[in-house]
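Here's a structure for you.
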């Protein structure tokens, strides 16, 4: 692999215009890595691009919520995937405290909501409407939930308000919280074997779309204030009576000292912009083709030269 | 024995174990018995012992387990701090020594052999023997030379690079002996050195030990629970019970005149004829006729002569000089066990 | 005992422990019945919110004061720099991180060869095969770099834990007051859930390898301290006296007499340090430690069962290798060489190792495959294993069995049991625990139980604590139902004992969270899956100690039973089991400790207990809450630990086994 990057770096450096704006610091740029594939590959892709730019890069594995605190302190330099739904709160909190900057959006939308794999639709043809789902509730019943259907929500600390929504919309579902993303996949995997209907929390972009084709349940459309004002949404007396926003942002974030310390790298970061299909492809290289993230990044760079060439200074 | 100052002298030594021995010692009423002390929650390891060890002498301390003999010898080298009384070694009060002085004393004057050998398992024989020299800071070359010399002395040549566990018990104790001799100590403590060995080996080691002692002529304190061993080796024997010395005398005297009932019990099954020497039976002012006996001859060795001879009094010589005469009847009494 | 009896009113002394325990149970029963009748005032059922002190806020304030005002953070961050340098150094050697001294990474073939030579030196061909084989497997399966990331941290954390543990152990042995201070701290440390180590580590030592190394070190220190003190105390008095009579100064005594003589215990400590470090270094993936653990988490996060399993196998192999090698080192005794052995022969192993190391390093310059297994060259069978595992889980009878178990256990047993435990009023529950401690151990333990559980009640996390306890009790009971018969059966023959013990060893080192995914696939996100994953872990010590207890029954006793004409069952029931019982109790205790450990990890499946809250704190900076939760777990575990260990010790003394 080293040979490959060296060759690539040499090639790119030869092509690169010699007019670098100001010299970047020799200190390594620290890129955080989390526990889902697209983010890992994207971070590696960006890392390799920055290496071509002549920067030293280092990766550190961190928690995806705690990372914003680390960015603020400068322990890590940037964050490639800031999801509105999942990390918006942590990101905004960090912004308020200062030390972190918003480096713009990717051309990608994120969405998280109730989701089902395609085989579920065979048993409950009315989907994706939430009323239809509610009518089929008994299909989703398990030994523990009696007549009611079971909805598998994300870990409690993701604060997805599944319980509140069930109550607000009067659904015949019992909400069970999984302890981790892995637990969600395990349940879908187990259901896949005998095509058992299942409805779980899921989000996009992630690898699951490629493994298990599926759809999001269509709830009453998100209206601003649905989580703050009971009057908003179909149930005038309850919060969380809408679906989640169907097109959340995905941002890039950086330590506020980055621009001064690595001006050239920062300029590249500002230009970097991935789309949903590109992100899905990165995830696929690891999740389906079983590559190591570094390899996947190399492969992706090789295949998509036209995408990233223009970002280099 | 000799007029010069004793090498070790202890006066009214007490060693008490328990929660606060010093305080207990101060308030303890005079003449408290071992049991009474125990009832008070203390153990009298050494109880009012006064004893002297002279230069070149082998004092054997004999007693059953728990009698305080090991404790006493550990007081001599200040492995235990005593609770009361004084112990002087070559005129120095050892309780007044500083840590450094004490270490110096042990490094230059004392050697000790232990019942279970006390070898350091991770060191070779050579390194074990050289250990005291190393501690004293001697350079590698000198200490190796000296260690090899002592190893040869105890007959372990060629085993220098073995580890203790690779040797038999008897050989391990030879290592222990060699180690204790490495610094050429003046005073040699041996704490039941042969008790852990098989009877046959024990006998062999005793012989070996006597051979060494003849060569080295150290001042020795030897501990044993084996009365036969004590008789065999000792110049003088101190018999201990419950921390106190019951009797301290030569083997002959102990056998002939046990001071207490306790001591007498030990002597009961002993073949006194093998212990008692002509020299002890000799009466200084008496005289006899005919061929003299050497003072060092045991009654057992004179048995045939005693039975066949008709003399009333038999002259006794030591190193060719007359020291008196012994009564044949007294000697026969010893031989036939009649006087007890 | 003295503490308890002086604080108890004298009137209590006239009652026997059993009577008091019975009284406690009676009161608890009454309270519960009243509660069921709906007559119990709510403040007696659960502590009212109002009187629950905000420990978390107080602790946070204390932490902040210590951290910022006392400058602890500055100090630890200063330490971090040094630690980081060390970690970077080993990272460079092991996997070529671009840091000083910039000579790494060492080619995998060179490491494998060296491991084989070390194995051979310590334990002959079998260990050589294990050492070399583990490394070859790791490289060929394509996990070399991540394994070396893990090893590079282990290589720093384990020696650190060793040095600190040894020093503290010596201090505790030398000064009684240090011992008195350290003992309770160690007990708490050993029962504290690992999530509680992690957060402070991150805050004080920066996210990533430094925090991971610190957490690992702290986790591994306690057994080193215990083994050091144990070893030093066991040095034969004659050896000590021999040292003194050789004129050793105090320093010389320690260096030349005590420590070498305590070699065995110290090395056993080293073995435990290595094993605990390895276990922890995998778990520190939760706070961003790269390496096998992080990869495992990532694989689980993308539902790759096969790859997860392969990583699990690598971890087991590494653990078994390190375990066997360090154990072989414990019993390895120095051998003498005959006189005039040439120097190269004396050091033949060292030379061979060096030679192979250099040889392979040079060779790998020419043959890149020997330096690094490159892209697409590994032999990972992730996908095939995936299918295999999924196929297994999909077999009809497997599904039928687990389906039945899930429905039956969950609906008929577990949920009712949980609801029952939750329905018991807090004071009644505390009384029950105290009665348990009193009946089994004594008044001192009962007092501890009373205080500890009251503290848990005061922490405000009572319901979650009870759910935690419910998982532990259910899992350990089920584990006993399965583990004890296996142990009893296996102990009947040497061969089977060995086999089962080997399985126990392996199961214990297999990274616990690999079990979780199959558990979920078998039982869904339910309490059954949680209990199942704990059970797998808790069964190990139960089985192990049952075997050891039964096999260590003195032979005269079984022979005496045989000669008295006892049948096998009679012998087991009236001779072997009673004598093995104290040892089995130790196993039982360890099973409970393991269960408390695992129940926290099981939060990964989805629980509503303390573990889930703890896991949640990891993402933030809630040190106070994290600590309160950790202490709750620790207090409950300690109550059982103290009670059962006291009972086992009493029993042993009664049987004259000590």
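For clarity, chains are labelled A, B and C in written order, and residue numbers in each chain start from 1.
Everything below uses one rule, namely that contacts are C-beta pairs under 8 Å (C-beta built on N, C-alpha and C of every residue); 3 or more make two chains touch, one makes a residue touch a chain.
Keep in mind that what you see is a predicted model, and the values were worked out from it rather than measured.
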{"item": "Fewest touching-chain hops separating subunit A from subunit B", "value": "2"}
{"item": "Between the pairs B-C and A-C, the one where more C-beta pairs touch", "value": "A-C"}
{"item": "Chain centre separation in whole Å, for subunit B relative to subunit A (CA means)", "value": "87"}
{"item": "For subunit B paired with subunit C, centre-to-centre distance based on mean C-alpha positions, whole Å", "value": "54"}
{"item": "For subunit A paired with subunit C, centre-to-centre distance based on mean C-alpha positions, whole Å", "value": "34"}
{"item": "Residues of subunit C touching subunit A in the complex", "value": "97-98, 142, 202, 206-208, 285-290, 294, 297-298, 300-305, 307, 374-376, 380, 382-383, 390, 393-394, 399, 406-407, 410-411, 415, 516-517, 520-522, 524-526, 602-608, 612, 615-616, 618-621"}
{"item": "Complex contact set, residues of subunit B against subunit C", "value": "74, 77, 79, 103-104, 106-107, 110-112, 114-124, 131-132, 134-136, 158, 161-163, 165-166, 176, 179-180, 183, 189"}
{"item": "Contact footprint of subunit B on subunit C as seen in their complex", "value": "236, 238-239, 241-249, 252, 256-257, 260-261, 263, 333-339"}
{"item": "Subunit C partner contacts - residues on subunit A that touch it in the complex", "value": "1, 33, 35-37, 40, 56, 58-66, 69-70, 75-76, 142-144, 152, 155-157, 176-183, 185-190, 193-194, 207, 211, 286-287, 290-292, 295"}
